[in-house]
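One structure is given below, encoded as structure tokens.
Going by the order they are written in, the chains are A, B, C and D; count residues from 1 in each one.
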Amino acid sequence: MSRLADHLWLIPAFPLLAAAVSAVMTRRRRAMAAGMGIGSMALALVLSGAAFVVAMRHADGSGGGRVVFNFPWLQFGDAWLKLGWVLDPLTAVMLVMVSLVGLLIFIYSVGYMAHDENFTRFFCFLSLFAAAMLGLVIANSLLLFFICWELVGLTSYLLIGFWYHKPSAAAAAKKAFITTRIGDLAFLLGMVWLYSQSGTLLFYDGGAGCLEPSSLLTLATRPTATGLMVSTGIALLLFCGAIGKSGQVPLHVWLPDAMEGPTPVSALIHAATMVAAGVFLVARVYPLFSASTGAAPDGTASLAAVTWVGSLTAVFAATIAVAQTDIKRILAYSTVSQLGFMMMGLGMGGVAVGMFHLITHAFFKALLFLGAGSVIHGCREEQDIRYMGGLGKFMPVTFATYGIGMLALSGFPLVFSGFWSKDGILHAAHSWNASHWPFYLGVFGACLTAFYMTRQVAYVFFGARRADGAARLASVPEAESHPGLPSPRQAREGSTHEPHESPRVMTAPLVVLSFFAVALGFIGTPAWPWFQAFLSGEHANLALNRLAEEGALPVLAVSTAVVFLGLGLGWWLYGRRPVTRALERDVLERLWPNVFTLLRRKYFVDEIYEWAVVGFNAWWANACAWLDRWLWDGLVQLVSLTVVGLSWLDRFLDEVVINSGFDKACQGLTGGGGLLARLQSGRVQTYLRLMGVGLTVLALLLLWGCRAS
Amino acid sequence: MTSLQAYLLLSALLFAIGLAGALARRNAIIVLIGIELMLNAANLNFIAFWRFGPNPEALTGVLFAIFSIGIAAAEAAVGLALVISIYRHQKTTDLGQVDSLKG
Amino acid sequence: MVNEPMATLIVLASLTLAGALAAMWLRNLVHCALALAVSLAGLAAVYLQLDAQFVGFAQLLVYVGAVAILIVFAILLTRGSEPHPQPILSSTWLVGAGVAVAVFAVFAWGILSSKAVKQEAAPAPATTVAQLGNQLMTHYILPLEVLGLLLTSALIGAVLIAMQERRPR
Amino acid sequence: MAEPLDQIFVTLKRLLVQLAPVGWQPFLAAIISVAAVIATFAALFALATVLERKGLGRIQNRYGPNRVGPFGFLQPVADGLKALTKEDVVPRAADQLVHFLAPLVLVVPVFLSLAVLPMGRNMVPVDLDGGVLFFFAVGAATELSVFMAGWSSRNKYSLLGAMRAIAQMISYEVPLILSALAAIMMAGSLSTVKIVEAQAGYTGWLPHWYALTPWGFAGLLLFLIGATAESNRSPFDLPEGESEIIAGYYVEYSGFKFALFFLGEYIGMFAASGLAITLFLGGWHAPLPFLEWFPSWGWFFAKLLGLLALFIWVRGTLPRLRMDQLMNFAWKFMLPMTLINILVTGAWRFMGAGAARWVVCSLLILVPYVLLGRVLRAGGQVAPRVYRYGE
């Protein structure tokens, strides 16, 4: 079966083929496109399963359970650039997760996009995205990883901007693309630096790869100009790429705006897979991050950076999510917060903790997004939770699956996967000895998560139905509404018909996802850490007593307490007195009005960016324009003026000084000549007379001279 | 006044008369005669200084005078030949009119 | 203070000066030439008085004999002898005379004021023609040859100039 | 014995001079010698005129003047009286002063030139170191007087005559001086007395006269030809050529001035022949040793009369030369011959005594003489004139 490792490329190949075929098909061949897409994803899933089995068998084998296949790709000069793919537990897990979630979302989107005329194009982009994601997962070379990384970025742009006639969608696509592009720049710099230092971009190359101990040692020991170790420097640059892609604090602004795209896109890309690519990157090059000279065994500077960024993002995004009114934006900020948690897990607990939360999150976040999608679909494209309410009765399946997803996300103890993965992270944070702050931030984040999820469910499914009349729209104060958007709101004014449940093709994936949201929790519990063992290559054995070990129990207690606190608070504020009127001010708004507006306006980060980056750009453009107009133009003017001046001076000189000067000199000469000519009168006696005078003068001089002697 | 001074005065006077004639007279031949007189005045000077000079046996004065007489004769011959050819060209020996060689 | 030789000097000097003045003053050119001859003869006598016999005789032979005749011939050839109407003096004769007077004044002042010429007459040097001959042939041989060359060239030149007159006609 | 007679004049003069006070003695000596010289030569002049006319007569086969005095010897007295009594006619246009001065300027220099000739042992009027040079220097004045005479009489013929005379005298003066140069070179001094002493002594019967040497003989001949030309006599008497221009430059002269011209001419001839005697004929030396007893001055005057006879003879026999022949003869024959003569004298001076010297020198003279003659004859310049129409 090791041949499967050699042919790992088949997995991304099928969706790529499907994308290619659907790209050339005309819009009318809708069924063909959907069939192709779903078929290729199913095949990819089967192959991924096989690969998972192979990886399972190799897990305890030699080579760290890793099968590598490298091939020379590009020759420049005398050096060959090699690409390749690797099959190791990490790859296997991700393959299965991506293909499974992808398949479910493909099936769901058939129903969701049924009445959209660009159906084939949608499926073409989705297949392309899936191929790129699968390629990224199996890549054994940082270069191939980077190529797929960029393809994923491209497809996210295409899908966000799918409804390009909507200006907000186009703007959001551009914003997403540019923000991730900034991160990718750092990623590229890191990659180039890594190549220059280690000489190869392959992760594992039979000992010579850049993640293998020999090159890691050289990287870790070589200091840079600023005192950082080279490995730390490269790690930080790669982490910037991750920040961009996974929407961490400074570069998170594009993720909420990415909700402009269709909901399956949001679910697939901005919940499960693409945003996870950043975390997967950190997991993949974790040896680089943790490579240290042994001085700080439990975390190098880069891991500390990851931890701090992660914890900050977690709390920051969670606070914003509390004050959002758009159903998909709340989930988007929740995703950002959960990614922060994953980064904290990676930074403190290592690959296994981070990856376990990633996998679990992928499933229940996909579930929540698809649920939201069916809600929107049911409510005639209504996305604002203030105009929903009491949908529980109208959409029982969606309500049920959405509830399971909400409980998994907020980490309801023991039953739901979210609890175990979040607890792993908090446990790692608790045992992290560099600083206790990440632990406190993590706990606070978890509490907030629970709180805003209950608020959302209360708004959407409980309380009175609020989808009434046009009066509301005119008085909507906040800038939320996008001007000129042919959004479902116009539709709303038209009719007041009842919301309806989504068709089976959409509810089936919900049910499957909800099953996984519950099941996955059990493979990673402390009692039976199969998942962690699988990833680290050991053999996992069932031992309930580990639950009661000294470190684990208090953390479990704290996290359950926190979850119940959040749920209770949320129910207290929103569940007890259901909201009756859409425009009613939010409960929190009534309590802390300015804090609430701060949160609702997302800490004004967009405005700050607008002011800073765009402002700076505008200012710089103006400055350049001014410079060009005045300095360079001025210089040219100056040169031309001097030349003209010089020519005038030259003419003046030539005219006055030389010509007239010369003429005068000549006149003087001829005059002098004339004078002398008169002396030559031709009369011999005059000459004699002159000689006589000369003689007398000389004689006088002589006599006068020697008179003294 | 010693006799040497007398001779020198005589030669000076002779020279002056010759010069006056050369400068004042209009006719070319008279000018030549004036020049002859001046040359002779110079010879007289030589002989006077030889006679009353420190070492007369050196005979330089006398020889100088002899050579100067010879040269004067040649000069007179050439001068008169020139005057004659000028006369043949311009039919006059009046120096006032013979002034074509001028600047 | 007038001793015996000075008397003869005065006589001869006056003769020479009279001749010179006449030569410069007379209207008739031939008379001027003859006056010149008289003056040169007087000068020859002065040379004899200065015991320079050879120079005196040479002066007589060259000047009185040859140069005077030459001048007379020139006068005849240029029709100088016929009386011509215009005044004999040039227009600016006064300037010429003035210059001559100035020159004489300077020389006279030089002679009278100079101390070098004060010492008394030396005994007459006994020079013979033989000594002159020796000097000429030994010490002054080059000037003699050059003089000879000069005289021959002057001779040829004069002949050439005179000869032209016959050929063109 | 010869001594008292020889020195008779010298002793006479010394006696007279002692009469005067010492201060004046040099003047008296000078006056005595001048008077003596003038007297003797004036007498000679008178004698010469008669002798010449009688000689010419004899040559022309007729008697000379025989009416006045015995055999016509008082003829000069008659001529003298005639000259003195004749009216002195002066042309109106003549230049009075110059006209009057001309004869004087002629006579004075000629008499001066006599001062240098040694007429006898210790009987030289003035012994100058540059005697010969003095003679020629003074001789040069005669041309001036000829010009004065010719020009002042405002007569075309006289002017033409004067021009011819001057041209002739200048042309012949050069060969005259150069031929004298030969004797001076041998004697080694310009003083006439030294030249005569250089010719003293006899070898066997022959005196040491320069004339008896080849160059001497040639020199003498050339000198005599020059002398005749210099004094406008005989073949060279073109200026007075009666047939063409009446009487030359003294045509306007009459009376005593005319006589003076004649006197000047004769004295000029005597001076020239006296110099010839001094330079080449041994001055006052006797021709033969045993004739020494005859007084030195006697010999001098005897030779003088000999030369006079020669002049008269030449005058009587030779025809008058044409002007161009005269000039060509002077510049193309006389001048080269005198130069060659000087060359020969030089050769004679530095060759040892003996026959070789004689042969070489005589050949050196004869060969150029013959060649030159043939060249000139061929050129037709000196050949006798062929009258194609005349015959």
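A few comments on the model shown:
The criterion applied here is as follows: contacts are C-beta pairs under 8 Å (C-beta built on N, C-alpha and C of every residue); 3 or more make two chains touch, one makes a residue touch a chain.
None of these values were measured; they are calculated from a predicted model.
Remark: among chain pairs C-D and A-C, C-D carries the greater number of C-beta contacts.
Taking the mean of each chain's C-alpha atoms, the chain whose centre lies closest to the overall C-alpha mean is B.
In terms of their C-alpha centroids, the spacing between chain C and chain D amounts to 29 Å.
A straight line joining the Cα centres of chain A and chain D is 154 Å long. Between the CA-based centres of chain B and chain D the separation comes to 34 Å, rounded to the whole angstrom. Measuring from the averaged C-alpha position of chain A to that of chain C gives a distance of 131 Å. Chain B has residues 19, 22-23, 28, 95-96 in contact with two or more other chains.
Counting partner chains per residue, chain C has residues 54, 58, 66, 90, 95-96, 99-100, 103, 107 touching two or more of them.
Listed by label, the pairs of touching chains are A-B, A-C, B-C, C-D.
Contact residues of chain C toward chain A in the complex are 90, 92, 95-96, 99-100, 102-103, 106-107, 109-110, 113-114. Looking at the complex, you find that chain B touches chain C at residues 1-10, 12-30, 32-34, 36-37, 40, 43-44, 47-48, 50-53, 56-57, 59, 62-63, 65-67, 69-78, 80-85, 87-88, 93-96. Chain contact summary for the complex, chain D toward chain C: residues 95, 98, 128-130, 133-134, 136-138, 140-141, 143-144, 147-148, 151, 166, 170, 173, 188-190. Within the complex formed with chain B, the residues of chain C that make contact are 1, 5-6, 9, 13, 16-17, 20-21, 23-25, 29, 32-33, 36, 39-40, 43, 46-47, 50-52, 54-55, 58-59, 62-63, 66-67, 70-71, 73-75, 77-80, 86-91, 93, 95-97, 99-101, 103-104, 107-108, 111-112, 117-122, 124-125, 127, 131-132, 135-136, 140, 143-144, 147, 150-151, 153-155, 157-158, 161-162, 164-165.
Residues 676-685, 688-689, 692 of chain A touch chain B in their complex.
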